[in-house]
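Got a structure for you, questions after.
In this document, chain identifiers A, B, C, D, E and F correspond to the written order of the chains, with residue numbering beginning at 1 in each.
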Amino acid sequence: MSELTHLDGEGRARMVDVSGKAETTRVAIARGRLDTTAEVLALVRGDELPKADVLATARIAGIMAAKKTSELIPLCHPIPLSSVTVVFELHESSIVVEAAAKTRGQTGVEMEALTAVAVAGLTLHDMIKAVDPAAVMNDVRLVSKSGGKHGDWVRPG
Amino acid sequence: MSELTHLDGEGRARMVDVSGKAETTRVAIARGRLDTTAEVLALVRGDELPKADVLATARIAGIMAAKKTSELIPLCHPIPLSSVTVVFELHESSIVVEAAAKTRGQTGVEMEALTAVAVAGLTLHDMIKAVDPAAVMNDVRLVSKSGGKHGDWVRPG
Amino acid sequence: MSELTHLDGEGRARMVDVSGKAETTRVAIARGRLDTTAEVLALVRGDELPKADVLATARIAGIMAAKKTSELIPLCHPIPLSSVTVVFELHESSIVVEAAAKTRGQTGVEMEALTAVAVAGLTLHDMIKAVDPAAVMNDVRLVSKSGGKHGDWVRPG
Amino acid sequence: MSELTHLDGEGRARMVDVSGKAETTRVAIARGRLDTTAEVLALVRGDELPKADVLATARIAGIMAAKKTSELIPLCHPIPLSSVTVVFELHESSIVVEAAAKTRGQTGVEMEALTAVAVAGLTLHDMIKAVDPAAVMNDVRLVSKSGGKHGDWVRPG
Amino acid sequence: MSELTHLDGEGRARMVDVSGKAETTRVAIARGRLDTTAEVLALVRGDELPKADVLATARIAGIMAAKKTSELIPLCHPIPLSSVTVVFELHESSIVVEAAAKTRGQTGVEMEALTAVAVAGLTLHDMIKAVDPAAVMNDVRLVSKSGGKHGDWVRPG
Amino acid sequence: MSELTHLDGEGRARMVDVSGKAETTRVAIARGRLDTTAEVLALVRGDELPKADVLATARIAGIMAAKKTSELIPLCHPIPLSSVTVVFELHESSIVVEAAAKTRGQTGVEMEALTAVAVAGLTLHDMIKAVDPAAVMNDVRLVSKSGGKHGDWVRPG
């Protein structure tokens, strides 16, 4: 039977004990998408500003946020990240954010990858909100993870 | 003509100068939705654990994240928040997160409200991921804002 | 009738709205005491190390912690501290910590003063624990506060 | 002869070198007590608010503070916490806070457990201070620790 | 007679009381220089990588660090920054970093500007250290400040 | 051929993958110098205040900053520091800051040592700026490092 492992038998929040878990190399990939307008995409592409810092700023924000995951998510364990990458794909009126996080440790890095995506997305949101206050972040989700006791997981379909 | 105010004339990131803006009371409301399964919703509702800490944990995470917004979003100004609230609506297989942020200051609180929603959502994601690794956060967006030079804004439609 | 203002009508945590409160100068003083041994006091007094950094380290820790109060205490408002001081009194087998915090703002600084005392005390604890693991912190309390709608308060007796 | 290991031979603060110490599983348990009034206890028990967030908020604050220990206590080493739990006992006019911290590392987790107790206690203090500004935190102390070179320690008596 | 205002009459550190000072608009400009090699400059200029993120990364690091000044410098007051900019000048074998910080508050922003310069410089250092471990940061200094009781100050010469 | 390892093939910033590197004991030593006036040195030496907290405050700031390195420098990995020390040499009109950092991990501690030097220097700057606003930090540099794949490095000359 399934259960919420972050709660004890009486429903109280706790940081789960991972001290008995094996140290393995763990990787997680997450994605999300900021839906905005074609006008914003033109500005982000920097049609007129060939070295605009928009994507670099969001990338740095996402990488730094991955390192803050255990400060933001109350029951996450602090883990020694061995790498984080954040990349963007520009579509007609949306920006896809993909983050990959890796560690060698006793617990997974799903939340680090998801946090990088969310904060990179929020940073894009911040930079474009004067032009498009109606932008929406969608499809923030785990794509795959590997390492750990439960083996690999890849999003179905 | 529209432009990205967070960039200077050469496309470089900067924290925009707000020192000339009026101090007014500003409010922003944001929403988002975590799409998961009916099984997770039963656990979150605590069908069997009447005092489960799931929503309280996510609420606290969202409130604390609102206070960290200017640490997470590189070009956000630090602002003295005068209130933050985070509430949840439980649907059949999704949880809606709504956050309201308020300040009396020289710049808006849209990012604070959005950050509260995103981090509360990530915290829910963390607590349910052992049961539903495929959960997806959608529709993270500004609902309305008031105060400030540009007047009130309410999401169309 | 009294009530817990940090909860809404349904018992949910929230950061109370202070936007309607007046900006006044507010001061709070808190105290606490680390009970340890005469041997530790001799070391802290630096009988043999006339410039030992023990108290300076605890003082800095307390001052820096006061600035982190709203990061540590979930429902505290971020406030612009205008001063913080931390002083110690050395007794035969105990160290009294007193902190004063001041702000000009819409909400009080009691928690800032108490946090400075608690973290200065924990820092002393850390530095002496190899000699006295049994040290105990007692009497961490508000001594007085002034400013704000409810007027001054001084601990009775 | 005993000495303060956090000072070098000239009395200057330093972060002690633990690189030569063995990695072992280490556990520490700490406790403290907030002395308040029976009226406050009735509110915290939520006689009228069966799902009040008071204890959940203080628990989350304590767990998150344990993860911030090395940021708060100047000479503490950053350590990879493998679990943290915070529980409360409600008495007639006091609340006992107990925290347990665990790591697999080169240095102990006493300060993490004590920090969780202190910050959970401060958070309770914050939530009840409008009703009882005179509340006092007492008996913040280490209860036991295990793991490490010096073997186990249990508070006498 | 001059004195160190951050110490009280007995030489103890304190956060100076600024509550009596006027709120004025204050600006500070600081500069520094990373001395490295012509080879590094070629890489930073991105002779082969026209959109390299080196300067954008250092700029974001500097801006974010300015917002962390009061967390890093023990006796600095938290202040509401109204703008921060960081710009670079590329010379034959050195990179000049200039930061400007602005606030409307009761205390100056010199440390914010200096912190932005230092951390932007450290970030450049980090990115180039595999190529030039011998790089040196020099001339980190205040260039000018305006606002505040003491009036304007411009570095002589 | 040399290259900037913090950039990927398209010039985008990334946190380099260190998961394949060996865990070894790594040490780095960095130095810097604050150039000020003989008058300031007299005050720092505490000619009249034999226990003045100036150096203790800067030392604690440097040690705490070393632990924050991966929060400040965007592409730095979080590492478990096993020791940090900061010492000062007082000259006629300058203060030399030296920091040593040590870890057992997969990546070096150069940035931790450099960050400790820079922030200890900024803290000195802050404490003396009312007396000497023209102080300048110079020669912030790596002195030596050991451990790691590339072997030991000692600054030439």
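Here is the rule we go by: a contact is a pair of C-beta atoms (placed from the backbone, for glycine too) under 8 Å apart; a residue touches a chain by one contact, two chains touch by 3 or more.
The model shown is predicted, which means the values in this text are computed figures rather than measured ones.
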Tell me which chains count as touching both chain B and chain F. A, C, D, E
Inter-chain centre distance, chain B versus chain C - centres from mean C-alpha coordinates, in Å: 31
Quick check: how many Å separate the C-alpha centres of chain C and chain D? 16
Could you list which residues of chain E touch at least two other chains? 12-13, 50-51, 53, 56-57, 59-61, 64, 68, 71, 74-75, 78, 80
Taking chains as nodes and touches as edges, what kind of graph is this: line, ring, star, complete or other? other
Per the touch criterion, the pairs are A-B, A-D, A-E, A-F, B-C, B-D, B-E, C-D, C-E, C-F, D-F, E-F
What does chain F use to touch chain D in their complex? 25, 56, 59-60, 63-64, 67-68, 78, 80-87, 102-104
So in the complex, which bits of chain B are touching chain E? 8, 12-19, 70-71, 74-75, 77-80, 105-106
Provide the residue numbers of chain D that touch chain C in the complex, in ascending order. 2-7, 10-13, 32, 39, 43-44, 46, 49-54, 56-57, 60-61, 64-65, 68, 71-76, 110-111, 114-115, 118-119, 121-123, 125-131, 133-142, 145, 153, 155-156
Going by the contact rule set out above, which residues of chain E touch chain A in the complex? 50-51, 53, 56-57, 59-61, 64
